[in-house]
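Here the structure comes first, spelled out in structure tokens, and everything after it is commentary.
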Amino acid sequence: MMVNHDVTDRMENIPDEKFTIIGIDKDAEAPTRPRVGYWRDAWRRLKENKVAFAALIILLILVFFIIFGPAISGYEFEQIDADAINKGPSAEHWFGTDDLGRDLFARVWQAGRVSIIIGILGAVIASVVGSIYGGIAAYFGGAVDDIMMRIVEVLLSIPYLIIVILISVITDSKSLGTMLVALTLTGWCGIARLVRGQMLQLKSQEYVLAANALGVAPIKIILKHMIPNTIGMIIVAITFDIPGYIFSEAFLSYVGLGIQPPSTSWGALASAAQQNFMFYPYQLMFPALMIALTMLSFTLLGDGLRDALDPKLRK
Amino acid sequence: MEKILEVENLNVSFNTYAGEVKAVRGVSFELSRGETLAFVGESGCGKTVTAKSILRLLKPPFAVIKPESKIVCNGKDVLKMNKKELCEFRGDEVGMIFQDPMTSLNPTMTVGKQIMESLMIHKKLDKKAAREEAIKMLKLVNIPSPEKRIDNYPHEMSGGMRQRVMIAIALACNPNVLIADEPTTALDVTIQAQIMDLMMELKTEMNTAIILVTHDLGVVANFADRIQVMYAGEVVERGTTKEIFNESKHPYTWALLRSVPRLGSESKEELYALGGTPPDLLLPLNHCPFADRCEYCMPICKERKPPETVLSDTHKVSCWLMHEKAPKVESFYDRRDK
Amino acid sequence: MKKKLVAALLVAAMALSLTACGGGGKGSSGGGGGADAQQYNTYLATEPSTLDTIKGNDMYGWEINKNTLEPLTRLVEKDGKQEREGAGAESWEPNEDGTVWTFKLRDNKWSDGQAVTAADYAYGITRTLDPDAGSPNSFFTAPFIKNGQKVVNGEVGVEELGVKAVDDKTLEITLEAPTPYFMSITDTRACYPVRQDIAEKYGETYGSELESLIFNGPFKVDSWTHNSEITLVKNDQYWDKDNVKLDKVNFAIVTDSNARYNSFESGALDTSSVGEQEWVDRFDKKEGVERVDTHQPAMRFDFFNVNDELFKNLNIRKAFTLAVDREDMAKTIYQDLHVPAYWWVPQAISTGENGEYRDQVPGPLEKMAKEEDPKELLLKGMEELGLGSDPSTINVKYSLSATTQWARNYGEYVQQKYKEILGVNIELDFNEWSTFQQKTNGGEYQMANMVWTTDYDDPMSMISLFTTENAGNIPTNWSNEKFDELIAQASREMDETKRVELYGQAEQVLFEEGCNICPLVNERKISFHYDYVKNLNERETSTSGLKYVYIEKK
Amino acid sequence: MAKFIVKRIGYMLVTLFIVVTATFFLMHSIPGDPLAHMARNLPEQTRENYYEKYGLDKSTSEQYLIFMKNLVTKGDLGESLRYPGREVTDTLLTNASVSAQPGGLALLAGIAIGILLGIVAALNKNRWPDYIVMFIAILGITVPVFVLASVLQYFLSVKLMVLPTTGWGSWQNVVLPVIVLSFGTIATYARYVKSNMLDVMGQDYILTAEAKGVSKLNVVKKHVLKNAFLPCMTLLVGQVSGIFTGSFVVEKIFGIPGLGFYYINSINDRDYTMIIGTTVFAAALFVFVQLVVDIAYSIMDPRIRVK
């Protein structure tokens, strides 16, 4: 039997006034920890996750260099120097130079701008479009859903390269914008499916049924109730998609459909260096390392975010 | 009566990112063969954790049963069992039913196989024998045409039927103890009664002791022999069903009782709603956990933990109101009832 | 030797190892080791589109054709000089005015045992010019053989063509006019023998699969795995089989140049041409390999659309042409693998007895580059066009025929250099080959970059590309009467020295009055082979194939 | 079930029809001369004959009708423009069977290893085997394929000379491509299986099984694996069709005459018939695999079993 002996022993010493009923102290603040909102809680969880947090730090460092790196290097990224061709890393050229004598430190960070922008914008655009599409399909269901999902199926069956080539030909450019359009044109399909699945579940939830019964406009229900409740999942999907876009761009660069010079990207740098990597391994190493670091960081961050944003894990 | 289960000073903690949550704090109780003991309390009071601890179903390293705890079932120390012994113990000595029959059955396995699994492990039956036994069990839990139903998948059954299947699984090996964790919460009201009746029927038939975990005092009143009222991981009052319903001494028990609607009551009084929230179990708790929500709170309540006062062999309560210096108060529950 | 180069090869580099041979089989014992050792492993950079000599026009199919079929003649290297030797034809002679050529054929057999007849050659030549056959090779013979052009244009039937099988062993070809360099087209694909019965039996699929092929050359195709490998084995029916040493030749189809170098490095390939300085250095250090450097009759150049608002001005074209620092380009871009080019007719093209043309005529641009300042020319041109005097207002679209990494690098270099030297802005336009063709042929370009390899071994092959009649080849839309006249004169001039003089004048006019092309570099090929491979010749103009190659392992 | 399949096949045909039609018109709207691989100065008459032969002289919609007629009535996809005399269908089958070898092996190996690693990681969550597996898995997807392929080729073929650099025909030729191709698959499956397993292991029915006294091994074997693998099947759809159209880089670097390689080249060559043929093939494969997976899924998952 559990008895607090310590208390019993000293029972007699308790003064009488301790036994007047005071009832519930309405004003007393319960000594609880501060109530934390969803996002602050998520942020706290993320910080707890050392791996994910480290990934975030690496990403911030990368972003710092991507913004300031080209300036730090002291070279213009497109400046050709016939006397400094294929020089290894040195005090003058920290990452060495490429086959036209251009400073790789400047180029790697300049390229990072394109790669990261393609990654982030691509994933965001695809997610927004996909979420809305998936949301609409799930919300209306029935024939609308059927038709919309069939369209997705058709889009997914059309080879992606044809679309990329077509876009670059129609717009007659291989600019960043073109690349983004080309990459996201079918890229949203995956997210649309994901969101639809999630939304179909949400749709049967009481609060959505309630909103429906109250006659709230469908678009409002999608925007106000369904999207916010899938936002965590969407953020995670974006995080996982970003490296995917960076990779796709690298593939397109390899095939020769990448970003147009003088712009460059990590993929373009890596595929340029691939031919001669046994002679100038550093030329391949730096861009490949950046791709790998970015991929790694986003993936680990995505894992962390998934854990942090999952309400099921919130206790 | 033969003691079938003894739990002493059970302490369970959860390791969370914010720190250690002491979910169960020094819970002790005993269970005799054929007896029904109910754990009552609101969500998060530790009743389910206590129940799961008996089968060691909590997942380390997240949840830890503290070493000072002791669980003895049928003479065996549960906390000292190795993996193999534990597997033999689970399902054979103690069976368990969970709250939500919709999610508690493997969706990709026929119900028959799920019942047979237990039989094959503990009774070492071959497939054929296990199947026959499983059909028997289904018949026992009143499932019509069990020979056909045995090959059904869970999704082909209604909630009530699934819960019957859960009971069949839990009782398949005729365990000494059946732990039913909110067995009726997820079911329709009409089905609830059927399930409870079934459990009681089987209990008598098999002489199984039952631990009934619930927040529904209505269910408890009709089926439990004894009741343990739990609050914030501690047992605040315990007694026979009669003692708790008629002579309860703890303000929390009163609050619980007042929140149950009662047929035949003349009173127009509204149902009582308990204000506030339970204490944060992350924080150290050196006083009465209920103090902040208690209408009869005294300064001492916020300073020290109340000792357990023994009112009878069966009735015990942990409350400063039992102290000789404390004013005598009457239960508002009783007041209303008179 | 004549060959139309598909210019999309900017990067694939010169992928083929073209081989020729010296004295015609000095190795009496037929090489070193036993029969097994007589195997030569080489490569093709791309799958041949077909092995039909009529439809095929890429260098890859040509490489196989040369070794498996017997042309009328072959150009082989003997004692360091190239010499035309009888192959399918035992002897040949023109009539007095040089318009009728009679070929006496050897006794040779097809791989199915049938005798090779004059009709087989006549069919091949005729069929190439028949518009129904859709041959891309008709340009070789159409201007020379009597009624050739008319047949191609569908104006007269094939029976009007000046080609006749007099008997089984005699082939008679009648020309439109005396042609001093006619013999140099007798080993092009347009003059290969084709078995009419086989070609008709297989119809459209003739040449597309091994089953539809028949051979009468030193080797026959033994297996053909598309996009992977073509193997040849020695042809026992071949008339000169005693002089053929190799028993087996493997052509691996390797599209990735790094993979090719790696294969050579590991010994899986016996030879490889090399397009990067790093690899050249590496293989230079490798033991047991020989390096062969050859000037190629091929030019890398830019060309201007003379109808363009900007490039209609001669001074602007000259400015852009002279602004190129060819030495720097050769060093930076080509790592000195190719030679700075101040001319249009490339090195390695000979005029006949007198040897190489470039040894006789200096490059016209050399002098111009010394005398004129590109920036001044640009400003002058801008003034003439009323474009003001700020070069940075000039934007030029520069079209490239590839989308590869190499092309990108190259484009960036050009972009930078024009900015630096002329101060103009270059916009790069990368195209796949098919799009490039459509754009340039349609005149939808300003300036563009391409490669051209000579069709046959005479300056005419290159210089005549800019006559009004041939303007479609490099679509600059430039036309000049004086130039046309000089070319017309040269084409009839039987005296070599006088002809060379006319060529020189025409080339001068081309740059002084046209400047519609901007030559950049003259290609050079560096290739390596293991030293146990003997008698290998890398000369682009040779047509002896692998006939005299042998293996001699120590 | 039969009705379900018929309905799905119906959908499949509609999807295919749309894909083929869309690709046909898209392709024809891309500029580029399909005869560009020929010498540029093809004589006028010859050119006309060529266009006539391939029907390129007709309007795109007319060409489309002819193409569809041949496809539907004869299953004929036409003749390659780039490689005269070669039937597109023959080429497709030959190349697909080549691609299928390294691709299929890589997929099998990748799935097997990936699943194994995923299981190991899930069962050891937050312990060192989990970290190691996830590190490998992530590493596998952080390096672009062309980098991985050329690095491996250099070290194994050139430096150590244990494997041939390029070529096709012997088993040694398949080793490197399989390694390179399987990296991504391993990573994908390891991660996916791990997260599914963790998901399933958190389900109530796992608790039920444990409460029954099922040993940990049997819980994983009988209750976790099947439920965790089912969703993985949907991944197969993309990956099977990826075998044929997604392995361009590897096929190019290792000189494998497969479909991926052909496909990219045909796009560059504007070989209309070949592009459309490949597209039809890829799309048909995609929808077909999807159908198969759906059917398999419905057989294996009783919840969506259709009667």
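Chains here go by letter, A, B, C and D, matching the order in which they are written, and residues are numbered from 1 within each.
Following the convention adopted for this analysis, a residue touches a chain if its C-beta (ideal position, glycine included) is under 8 Å from a C-beta of that chain, and two chains touch if they have at least 3 such contacts.
Quick caveat, the model's predicted, so the values are computed rather than measured.
Chemist: Once the contact rule is applied, which chains count as partners of both subunit C and subunit D?
Modeler: Chains that touch both subunit C and subunit D, as defined above, are A.
Chemist: Can you figure out the chain closest to the middle, judged by Cα centres?
Modeler: D
Chemist: So, what's the distance in Å between the C-alpha centres of subunit D and subunit B?
Modeler: Using C-alpha averages as centres, the distance is 53 Å.
Chemist: Suppose each chain is reduced to the average of its Cα coordinates; what separation in Å results between subunit A and subunit B?
Modeler: So the centre of subunit A lies 44 Å away from the centre of subunit B.
Chemist: Could you give the separation in Å between the centres of subunit B and subunit C, each centre being the mean of its C-alpha atoms?
Modeler: Averaging C-alpha atoms per chain gives centres 91 Å apart.
Chemist: Roughly how far is subunit A from subunit D, centre to centre by C-alpha average, rounded to an integer in Å?
Modeler: Taking the mean C-alpha position of each chain, the two centres sit 26 Å apart.
Chemist: Give me the residue numbers in subunit B that touch at least two other chains, ranges are fine.
Modeler: In subunit B, no residue touches at least two other chains, as defined above.
Chemist: Which subunit C residues sit where two or more other chains touch them?
Modeler: 258, 432, 435
Chemist: Where in subunit A do residues touch two or more of the other chains?
Modeler: Those would be 169, 254-255, 271, 274.
Chemist: Applying that definition of touch, give me each pair of chains that meets it.
Modeler: The set of touching chain pairs is A-B, A-C, A-D, B-D, C-D.
Chemist: Spell out the residues on subunit B that touch subunit A in their complex, using ranges where they run on.
Modeler: 9, 14, 16-18, 26-28, 235, 275-277, 279-280, 282-283, 292-300, 303-308, 316, 320, 323, 325-327, 329
Chemist: For subunit D, which residues are in contact with subunit A within the complex?
Modeler: Residues 11, 14-16, 18-19, 22-23, 26-27, 29-31, 138-139, 141-147, 150-151, 154, 158, 245, 248-249, 263-264, 267, 275, 278-279, 282-283, 286-287, 290 of subunit D touch subunit A in their complex.
Chemist: Considering only the defined contacts, which subunit A positions touch subunit C in the complex?
Modeler: Subunit A reaches subunit C through residues 78-80, 82, 85, 99-101, 169, 174, 253-257, 260-262, 268, 271-272, 274-276, 279-280.
Chemist: What residues of subunit D sit close enough to touch subunit B in their complex?
Modeler: Touch residues, subunit D against subunit B: 203-205, 207-216, 222-223, 226-227, 230, 300-303.
Chemist: In the complex formed with subunit A, which residues of subunit C make contact?
Modeler: The contact residues of subunit C facing subunit A are 257-258, 276, 278, 282, 328, 331-333, 402-405, 407-409, 411-413, 415-417, 428, 430, 432, 435.
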